[in-house]
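The structure is given below, and queries will be raised subsequently.
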Amino acid sequence: MQINLKVFGQLTDIININELNIQSGNDTDSLRKELNTLFPGLAGRNFLMAVDQRTTTGNTILNEGSTVALMPPFSGG
Amino acid sequence: MQINLKVFGQLTDIININELNIQSGNDTDSLRKELNTLFPGLAGRNFLMAVDQRTTTGNTILNEGSTVALMPPFSGG
Amino acid sequence: MSEKKPKNVFVNGAITSAFIGDSISKHSTQLKIGAHSIFLGQVRSDVIGGKTVTAIEYTTYNEMALEKMHEIRESIFSKYALTCMHIYHSLGRVAAGEISLFVFTSAPHRKAAIDACAEVVELIKAQLPVWGKEVFADESYQWKSNNL
Amino acid sequence: MSEKKPKNVFVNGAITSAFIGDSISKHSTQLKIGAHSIFLGQVRSDVIGGKTVTAIEYTTYNEMALEKMHEIRESIFSKYALTCMHIYHSLGRVAAGEISLFVFTSAPHRKAAIDACAEVVELIKAQLPVWGKEVFADESYQWKSNNL
């Protein structure tokens, strides 16, 4: 299925675009694997995934059109 | 001996002057007794004495010309 | 969760001292306020590997950040007896010496204002999806990391 | 004890928001500062026995207060990694809604600025020989008491 991927912070140095639509498996674990294949620079990078603006803690189901954000550690303030 | 007395805060409602020269015994305990006689309204009032700008904790020796401040609880800020 | 639309907290570029002064003056009609606590984050000109930071460029995940800020606001108001709270965070480029974060809490008594302000600053640093890029004089950069 | 002459901290009447804004802006050239913490005390219009406080009139034991403020300043600088600290306290009449205390600490990192500011406020309330007289609309008054 297709999901909307948003990329933030230092991860934009690896995925050179802020937002893209990509094909994904049906949960965040499979998405993570696919992203590691597409963007080898992600290996070893520390980031959280938010699905439809909710931070995920474990593997999370994705739906057609879900928005998934890749969020490295925050550094506001 | 003569000392310089300074009066602050709510104690100025009892001793109606901010600063006066008065005769005193040679320590703060005797001065306190004399003040209680001169100004009966001081009875039961909570205040510290500072001698030459140092807050006293126990009975403190006075010298001719010492400055003694009567300081009720602070309420700045 | 409240249905109220999250309030915007983001401003473009630096937060000016005139804006901060104005924000303070607006509280002079709030006669139950006895204490204000203010935190300001200022961009530091750190020297890193021989290069000097000249600015930080901030980006955010806007929708999620506003939702998170709304949650922080609700938790702080439920925990502390505040009269009001105002929060502003810069986006885009803020030069060294300029202010990028303004947290302003007001309360009848000082303890609530002081504790709430300090807690909000920690929550913003830890939980708000904002990223800072430290830009050097030669336009190279490194990504900021927060001490939590 | 340092030989340095104690710095004046007292101002006549209210501290204006323009003055606070100016104080903040003066720090924009201090490029090692990353955090400012500010406390403002505002005169509250309390209702006491049916009467409303319209102002506080502050008096001090000036020489002793400046000496005490100097001690507070030295103890805070020896305890916290501050870049600078500014303190202003009103004397005379300050109307409800106006500001009578302004404590402003700045440091490279937030913890020092925040903790130092909070501690200075407590020390001022507990140790500075200043007295506030709460004046009601009919010019009767009662003496303020601090919650320590």
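Letters A, B, C and D mark the chains as written, and numbering starts fresh at 1 in each.
FYI, a contact is a pair of C-beta atoms (placed from the backbone, for glycine too) under 8 Å apart; a residue touches a chain by one contact, two chains touch by 3 or more.
These numbers were taken from a predicted model, which means no experiment stands behind them.
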item: If a chain touches chain A and chain C alike, it appears here; value: none
item: Of all other chains, the one whose Cα centre sits farthest from chain C; value: B
item: Interchain centroid distance [CA atoms averaged], chain B/chain D, Å; value: 26
item: Whole-Å separation of chain centres (CA-atom averages), chain B against chain C; value: 49
item: CA centroid of chain C to CA centroid of chain D, Å; value: 23
item: Multi-partner residues of chain C (each touching 2 or more other chains); value: 41, 121
item: Sites on chain A at which at least two other chains make contact; value: none
item: Interchain contacts, given as pairs of chains that touch; value: A-C, B-D, C-D
item: List of chain A residues in touch with chain C within their complex; value: 6, 8-10, 50, 53, 69, 71-77
item: Touch list for chain C against partner chain A, complex; value: 41, 58-61, 63-64, 67, 89, 100-101, 121, 124-133, 143-146
item: Residues of chain C touching chain D in the complex; value: 16-18, 20-22, 24-25, 27-45, 96-99, 106, 108-110, 113-114, 117-118, 121, 147
